[in-house]
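Multiple structures follow.
Two complexes, one shared chain (chain A), two partners (chain B, chain C).
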Partner chain A sequence: MSLRVEDLTVYYQTLRGDVRALESASFAMADGEIMGLAGESGCGKTTLSTSLILLVPPMKQMGGRVLLDDDELPISDVEAMNAYRFKEVSVIPQYAMNAMNPTRKIGRMASELLKSRGVDPKKALPELERRLDLVELNRKVLKMYPIELSGGMKQRMVMVLSTLMNPSLLLADEITSALDVSTQKAVARMLVEFRDREIVKSVIVITHDMSILYQIADTILIMYAGQLAEKASTKTIIHAPRHPYTKLLISSLPKVGAHHDESRLVGIPGKPPLLLDPPEGCRFRERCPEAHEACVKVPPFIEIELGHQVACWKVGGPHA
Partner chain B sequence: MRRYFGRKLLIYLVTFFLAVTIDWMIPRFMPGNPVQNMLARASVRPEAAEAMYGYYTKAFGLDVPVWKQYLNFWVALFHGDLGTSVYLFPQPVSKVLRESIPYDIFLLLPAILLSWWAGNKFGAFAARTKRLDNTLLPIGYILTATPYMWLGILLAWAFGVVFDIFPIAGAYSFSMQPHWSWAFVWDVLKHWFLPFASLFLVGFGGWAIGMRNMIIYELEADYSHYMEALGAPRKLVRKYAFRNAILPQVTGLALQLGVIVAGALVTEVVFSYPGIGYLLLAAIQNQDYFLIQGCFLFIITGVLLANFLIDIVYVIVDPRIRRGMVGE
Partner chain C sequence: MLKLDTLSKTYRVGTFGGSLLHAVSDVTLEIPDGEVVSLIGESGSGKSTIGKMILRLIKITGGKILFNGIDVGALKGDGLKAYYRHVQGVFQDPFSSYNPIFKADRVFDVVRSHFYSGVSEREWTSKVHGALEAVGLNPEHVSNKYPHQLSGGQLQRFLIARALLLDLQFLVADEIISMLDASTRIDVLNLLADLKERDLSVLFITHDLSLGYYISEQATILYRGCVVETGDTKKIYSNPLHPYTRMLMASVPRLDKKWEDVEIELRAKQDDLVPGCVYYGRCLNEGKTDRCKTDRPQLHEAEPGHQVACACPVEAA
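Presenting the complex of A and B:
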């Protein structure tokens, strides 16, 4: 097991009270797994991934623990976590377009960063150049400032920077959102390539774009309003989802070959609850067509078959 | 690059021309007549006064039509001739200025540069350090909102009168003659300290506040968060933030220069410090056209030169400006 998250609960502390953005999340990832993390905006995807690398106020860990390669990550301890950042856990942030210091040449920034982490930049240079070739970036970019690069180039550059120390876990947050479709595909393919070459061991890909996940993810984890809903292999999630939310989510995606002039695409009626004071129990129950009285209690996230976990009273378990 | 500087240079030349023209006009629009003033002070007999009036008006070149005076002024300026002072007749204005300018540079340059440097360093240091931040903020706001001369008067009262540590008038003691000796240098420094301190403190407060706000903004920028996420030490993150936060401060310095020069004028008056400001006050009181022109010419040149220097510095420190120049 590369990554194991147990009962991880993270709240944002605000003046109006705790925003309960991540509620006792438990899941595991195998070595070499690319896991897609999907759900609507504000469902806690970024909270989950950020808490694995940079958990700073107003975020606060309320419970649970994270194990990476059987080593517990001190995610709440900003200083102690530094030893793991970049080397064990790394991130391609949502804001990759602005992630590089605008007034430093990229090469210089990279070497200053490496030096600060105790790596001799000169020794790392050949590897850095090899990686640039891998993502099809000209080696000259090291002599350039970030503003001289296009969006796609910056995205790839950050990808190379973030993975330079061969982290065990890579968090890729919305890496394709700002790119056009063909660049999206190229970047996604590079991510798989990085995994195949064992530059990174496992990857969490955060996106709301299910089609990208369909192409690159081995498994998909669906979140709703701070709770985990379902985790299964990509194929299962797309073709045989069990959680009512996943079912509605998948059915609201356009299908290849379908004619939507006859049957309109349907969405999910209603809105996700506010996480400042969320309802008790399953947070999807207000919009759920299958809700019943058991749903006022939080359903456990249980394995109904090998590698398929669902959090719903209607699915699996003794009631099924 | 050449086009950028060519255009900048043109703008500065036009500004210089307009500023000097206004500088020429303003004293001449003041009511009164400098020659009559001068004669009134000398209290000569009326019949002699008539002859002298004609003589001096001619000597100062005030007998020709105004447009011709203006042309003569530019011609003389290109020959390096700033005219003769009316108030300190018959000393040439250039000589009077030469005696004052060293005092000004000695006072202004350290005050401007040190307050900028120290304010930025301190502001960056105080940002995100809770206790310092809580004390710095109000003190900084009070300092920067203080008028230069008022702070000057307070300092003169406290350190000159109450504690009697520093002298409060002149550039050196009246009992001394300028010469090279430790005693004299020490005396000059003692006289220099209070005017310097009043300029320095006001500037310091402003820069520290500005830097504190800028660095907090930069520490919240995406590139800072990225560095933190990759475990970069606080020192490196702060270094990057400082380097980027300093850019607006450089612009601020350029904008502030004019204000500081004006502030120095009143400070010099408060401390009777024999710089340009003190000289200018005397010149205005005596309607000395030529001395006023000379003083303003120095200020105009100083502000424009400093701005031009800062343009160059900006090109060096900010790659984004360099890129903008290629695209022109």
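Presenting the complex of A and C:
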């Protein structure tokens, strides 16, 4: 197991009380797994990934632990995490387009970055150039400023920089949402390529775009309002989901070849609860067509078949 | 009916405005009453520029926009105000379309003060409620709220309701659902489809092909300001002919097919399509003729024991 998250609970501390953005999340990722993390805005997907790399106030770890390659990550300790950041856990941030220092040439920025991690930039240069070839970037970009690169090129450059130290876990936060479809495809495929070449061991891809996940992810984890709803192989999530939320979410996605006259899709009525004071029990309860009395208690996230976990009383619970 | 006639937009760029950027070049397009036409393209293809020109937010460089036969570019004062009574736009980001200091209902009051100053309070309230119900919102739940108290989908529907208060005939919908969550997206999309029943026409600007297919009868594909393919949505999707459209189709992430499968399918179609020599596209032979394009050459004997499938084989050295 490359990554194991156990009962991780992260709240945002505000003057009005705790925002319960991530509630006892437990899941595991295998070596070489590309896991998609999907859900509506505000469901806690970015909170989950951020807490794996930079957990700073107002975020606070309320419980649980994270194991990476059987080594516990000191996620609450900003200083101690420095030993892991970039080397073991790395991130391609949301809007990576603006992640590079605009006043430095990219090559200089890369060497500063390497020096800060105690690596000799000269020794790393051949590898850096090889990686540039891999993502089909001209080696000349090292002598250019970020402004001279297009959005897709910047995205690929950040990807190369983030993975330079062969991290065990790569977090890719909405990396394709600001790109054109053709660039999107190229970047998404490179992510798979990086995994195939074992540059990174496992990847968490955070997005709200399920169709991208269908293309590249091995497994998908669906979150709703700070709780894990369902995790299974991509095929299962898309074709045979079990959690009512996943079912509704998948059925509301328009597909090429569906026209509103013939097959009218429906959305999910209502909106997610506020996490400042979320309802007790299953947080999807109020919008759920299958809700019943048992749902006032939090459903456990249990494995109903190999590699398929669901948090719903209706599925695999005492009533099933 | 709205008609674009060889519409162009050129920007001056560079230090002294020395070079020109053709954002839109000679786009001719017709949007009949009661139809949804999608305008599809990647960023920088000029799709939003066209929408903004229709709404008179930016100046037209060349060509004309005709709305029921009236030249939109020449409208001024009262004429322009009357035009806005019929033509309105809704944009990508519902959150920045509102002033967070005021309640969301203020967008309706602005419409009232500009267009319906003579209407009594009661008549106005029932008109607003009617519009809100038409976009599927419960007036009691959503009125008197600040923008942050409403979801993105609700705000976006508010803006459509605002447009409906006027005597709306044409709506420019510029990427109106790309900021919304999957669960609320489809409601806004269905709403647009329903508006057609009111004989309203919509220009649906998007980069997402599956959304375009879901909502529209006609589709137009733009690339760098030029129309590369236009026509019946179903025909374009089932049989894309322009290489760019094909590339776009192959890149769109789909839920029913993997990228690899789409590529194989398109390649197979490509082979069917070429009636002539399969090597025509890459053939460097100066002697290649139009016949090579239309008739597939058969194998024939060039010299004893040596066959070639080319209508104009390279001369023996």
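Rule of thumb we're sticking to: the second predicted complex is superposed on the first by the 317 of 320 C-alpha atoms of A that agree within 3 Å, B and C clash if a C-alpha of one lies under 4 Å from a C-alpha of the other, contacts with A are read in each partner's own complex, and residues count from 1 in each chain.
The criterion applied here is as follows: a contact is a pair of C-beta atoms (placed from the backbone, for glycine too) under 8 Å apart; a residue touches a chain by one contact, two chains touch by 3 or more.
Just so we're clear, the structure is a prediction, and the values are computed from it rather than from any experiment.
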Chain B versus chain C as contact partner of A:K185, first or second or both or neither: second
Partner chain in contact with A:S211 - chain B first, chain C second, else both or neither: second
Which superposed partner A:G267 touches (first chain B, second chain C, both, neither): second
Partner chain(s) touched by A:L249 [first = chain B, second = chain C, both, neither]: second
Touching partner for A:I147 - first (chain B), second (chain C), both, neither: first
First, second, both or neither for A:L113, with chain B first and chain C second: first
Touching residues on chain A, where the partner in the complex is chain C: 40-41, 180-182, 184-185, 188-189, 208-212, 214-215, 238, 248-250, 252-260, 264-268, 271
Footprint of chain B on chain A - complex, ascending: 53-54, 56, 81-87, 90-91, 93, 95, 98-105, 112-113, 116-117, 145, 147-148, 158, 161-162
Complex contact set, residues of chain C against chain A: 42-43, 151-154, 181-187, 189-190, 193, 207, 209-211, 213-215, 233-234, 237, 247-256, 258-259
Chain B residues within the chain A interface of the complex: 221-223, 225-233, 235-236, 240, 243-244, 247, 317-320, 323
